[in-house]
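First chain A sits with chain B, and in the next complex the same chain sits with chain C.
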Partner chain A sequence: MMKWLMQPGVRAAVPVMLLMLIGFIGPLLMVTGYSFMPPRTFSLLGTPTLANFISIVTDSYYISFFWSIGLAFTTVVILLVICYPVSYGMAKIFGPWANLVTIIIAVPLLISENIRLFGWVLFLLKNGIADGSLHYLFDVHLPSILYTVPAIVLGLVYVYLPFMLFPLVIGLAMVPDALKEAASDLGASRWQVFREVELPLAMPGIMIGSLLVFVLSLGSLAESKILGGQAVVMIADDIESAFTFAQNWPKGSMLALLLVISSGFLIFFLFKRIDLDRLIGRR
Partner chain B sequence: MSSGVGEPVLQLRNIVKMFGDFKAVDDINLAIEEGEFFTIVGPSGSGKTTMIRMLVGMDRPTAGDIILRGKRINDVPASKRPTCMVFQSLALFPHKTVGENIEFSLKIAGVERAARRLRAEELLAQLRLPPESYSKGVHQCSGGERQRVALARALAYEPDILFFDEPLSSLDFRLRKTLEKELKDIHRETKKTFVYITHSLEEAMVMSDRIGIMNAGKMVQVGTPAEIYDTPHNKFVGEFMGEVNTIEVERTGDKRVRSISDGAEYIVSFEPDGFVHGYLIIRPEIVKIGQAAEGLPNKIQGTVFNDYSLGSRVQYQVRSDSDQFQWLVERLQDEPYEGGLDDTVFIGWRSEDSILVSD
Partner chain C sequence: MGSGKYNFAKPLIVVWTGCIFIFLYTPMVSVVLASFSKKRYFSFPVTNWTTLWYEKAFNSLSVRDLLFTSFSVAAVVTVFSVGLAFFGALAFARYDWKGRKLFQKIVLLPIFFPQAVLGLALLLWFSQLGIITSWTTAAFAHMIWIVPIVTLIISIQVYSFDPALEEAAVDLGATRLQTLWEVTIPILSPGLISGSVFAFLLSWGNFPLSLFTTGADQTVPEWLYAKMVSGYTPMVPTLGSLMMAGALVSLLVIYVAYTLFKIYRKRRFAS
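What follows is the complex of A and B.
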């Protein structure tokens, strides 16, 4: 045991292991513990019960789960469509200009997400920048999408774009041009080159980007609150109100646990189906 | 189609390729015969890679015509050409098995699974790969196996012409030698037209029926290995063959030239038409040294200052007394030069053994 601890690799990993224990595993265990405590209690020492689970599944929380998963999925699909061509350009075509695109996309990350979302509110507001400009230029008033579901999707797509784009760029850069030329030389059409060579080889990047965006969107709160108003309640909203407004930690914990389990299950299922090692060519 | 008897399978007419202001390929004319093993040799930057990319259809010539069996194919993309290339990197699909790699073109063409497998197994056998490698991953294959898989994949396409972009360059010497011979065997078995590019003239000599030598975007000389070896057209080709002694000379009379550096006169047995000024190329292996040099028409006095063993031969370096030129002389290992280092000796050669070239 001591000998194991004395290895340089293990010693170097100690700080991060401690951080993960205290900052990640610890809270997760506490949330799991609270999930099985009697409702509206604040102690971890009560008699374990399934009361929270039962009250959640018999209530209408499935709607929030549905919205969260649905919106997260929609965001992933929209971002895949938007980011694929741009990442292709950045990986293969733009050359030195790709750095400029990277900077343009990365700089907004330096500004707080909430401030950027409030910026969108000002833009989309009735008599805001979009509406006011249209009125001034063309004398029309269009209905604003602010406080509707499309506004939430817009917010999610906007905020999580870099998390899809950069993994895709790396994924596409990993596809050697010679492989595509070879496929084309062997008679493959552009579509066949895409399907047989480019897509499978870029899959690790596609998977990582999709996963990041999916998980982040699933836990997102600000977009639905700031841009969505009360249009829909996402699961993170429910968890927050259980912990704060309702002062019901056990219920909030059970909701959080169910979210972790359901997204974990989805991810596990996805990775199980797609063999990353084979895609990268390690096997 | 107009592919009559004796008509070349592939013809290049005045091919030019510009990259901006840079002329990568400069007015090349070439005819490749049906079934021959033709090798384009040139140093890096000579334009040979640009050349093959145009022939395969991955680049378009700026000017000129590429004619395949009488049909101009400049604008036909690689995917629609009945030709195929083995890449320098081999470009095997890492996410597919050996079998799937070989069957790729058949799958694209919509051939049924069972028929594809049959053809892949035939090709595995033809390329001396064990049948069980069919389901192996590409990454589990050795360097030599991967070469064979790449070749099998190209052969499965049934190309009219098979192109090779120095696929053997990354292999160690012994494996390269083995595969060079295997490639020649496969050429003989399949009777297909092979067009190979390499920077190694030695590799070209082993395999090719004819060789085209490229330099600075131009095709400098085309001929059989023997023609290239015996009668290089210019200094570049002569020196590209390997280590040679090159002396700058000018004409002084009928079959007589004078060295520019020390004014020594040499006799040659052949001079190109209208020769005034050029180079005399003398291979190390034809230069005699010591007693063997006695009585030769072209003689130089010098000092032996180095000897190297080349395995079957010994190479001596001799510094000429008159102009300090460092001569290379080679003898067989079992008949070495009788003297020692720092001895003053005569070296010489017969006039018919030297090669005189213009420019």
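What follows is the complex of A and C.
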């Protein structure tokens, strides 16, 4: 044990591990503990009970779970389709320009999500930029999608685009051109090359991008609040109101636990299948 | 494409990438446009242009408070995150030790974790421990999410770092501290710089974690959100534009400074 502790790697890991322990693992264990406490109590010393779980299953909470899963899934599918060509270009076609493209796509990540989502509100608003331009140019008013489900999907697609795009680039960069050429020389059609060579080899990147976007969309809050109005209640909304307005910590904790378990399941599956050293360090 | 078979796809991909750029920047342009509109409620096309809202923002004491809170949080987060993540990245990518794979996974978990839920979990944690939330607890909350990201960024640099350089310095009689200061840190500096830029800007713009952990203090993104859902004022796009301008200017300054520094170093070694 002492010998293990003396390794330079272990000592270098200690500060970050301590932070994770008191700021991540600790709070999560507490949430887990609270989710089995009697409803509306504010202590961890009550008798453990499944009351919160039962009330969530029998209440209408499954609706917000379904909405969240549905919206997250839709977001993943849309992002796969719109990001794939760009990632392909970045990995194979743009050459020296790929760096510039990376910067242009990464900069919005560094701008507050709130501001960017609010920009969409201004764009989609009645008499906003889209509506106003249409009216000015063609004298028509179209119904706005603001505060409807499509607006939430737009927000999710917009915010999580880089999280799909960059893993896809890594995945596609792992496909050797020579293999594809060999396949087509041997008589494979373009579709066959795509399905039998490119997709399987790029799969780690595709999986990471899809799961990352799915998990992040599942727990998103700002998109549905800012762009969705009251159109849909997503699971993070439910968790927030249980903690704040309802002051029901145990119920909020149970909802959070269910969300974490469902996304944790996916992450576990992902982590088991990929080798981080190879993916990040390319060695 | 070597075969020339897919050449027709190339222009399509370029055009599509251009569309994605437009998509990404549309909302930001919208915010800037709205900030120069004189009307109390935004409508397009803008008929009366004005810089009135910027004057108001610069003269407002509450805006200064908000900016100061956001800045304090981001500054504290940057200093601590880069310090912790530097060692974290060495453990992540440089040294081989038993338990490293597990460490890598634990460090990555907070990035995948829904931020709003993390914020609430930390709120619960702080109140159970009897800690009163303020901007300092918000800085702590930001670190849980930002330290992993910075660790990852520095790790990428560490992976391409040749440990033999450190050993050579030690063999030539450098102390541990000297090696760290004269060899390891200069070589990792691109990662450290981009790590601090990310740390600062991600904290500067963060909303879901701040929402639950700032207590009585308020950061700019929180204020913007509060105004967005109840009572629009033209100060919202104005302050939003200022936030974006701040982020872009600091990115540019750091990029230019770093490029100049690289040129300077090259010249010094060449002569």
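In the analysis below, the second predicted complex is superposed on the first by the 264 of 283 C-alpha atoms of A that agree within 3 Å, B and C clash if a C-alpha of one lies under 4 Å from a C-alpha of the other, contacts with A are read in each partner's own complex, and residues count from 1 in each chain.
One rule holds for everything that comes next: a contact is a pair of C-beta atoms (placed from the backbone, for glycine too) under 8 Å apart; a residue touches a chain by one contact, two chains touch by 3 or more.
Here the structure is a predicted model, which is why all the values come from computation and not from measurement.
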| item | value |
| --- | --- |
| Partner, of chain C and chain B, that touches more residues belonging to chain A | C |
| Which of chain B and chain C A:V233 touches, first, second, both or neither | neither |
| Touching partner for A:L79 - first (chain B), second (chain C), both, neither | neither |
| First (chain B), second (chain C), both or neither touched by A:L218 | second |
| Touched partner set for A:P176, first chain B, second chain C, both or neither | first |
| Partner chain in contact with A:A91 - chain B first, chain C second, else both or neither | neither |
| Touching partner for A:S184 - first (chain B), second (chain C), both, neither | both |
| First, second, both or neither for A:E196, with chain B first and chain C second | first |
| Shared contact residues on chain A - chain B and chain C | 181, 184, 280-283 |
| Complex contact set, residues of chain C against chain A | 1-3, 5-6, 10, 12-14, 16-17, 20-21, 23-31, 33-34, 42-45, 83-85, 87-88, 90-101, 103-110, 112-118, 120-125, 128, 140-141, 143-144, 147, 151-152, 155-156, 159-160, 197-198, 201-202, 204-208, 220-221, 224-225, 228-229, 236-237, 240, 243-244, 247-248, 251 |
| Residues of chain B that touch chain A when the two form their complex | 56-58, 77-80, 84-85, 87-89, 91, 93-95, 104-105, 108-109, 137-139, 153-154, 157 |
| Chain A to chain C touching residues, read off their complex | 4, 7-10, 12-17, 19-20, 23-28, 30-31, 34, 44, 82, 85-86, 88-89, 92-94, 101, 104-105, 107-108, 110-123, 125, 127-129, 131-133, 136, 158, 161, 177, 181, 184, 190, 212, 215-216, 218-222, 225-226, 236, 239-240, 243, 249, 252-253, 256, 259-260, 263, 267, 271, 276-277, 280-283 |
| Chain B-facing residues of chain A, complex | 176, 178-179, 181-189, 192, 196-197, 200-201, 278-283 |
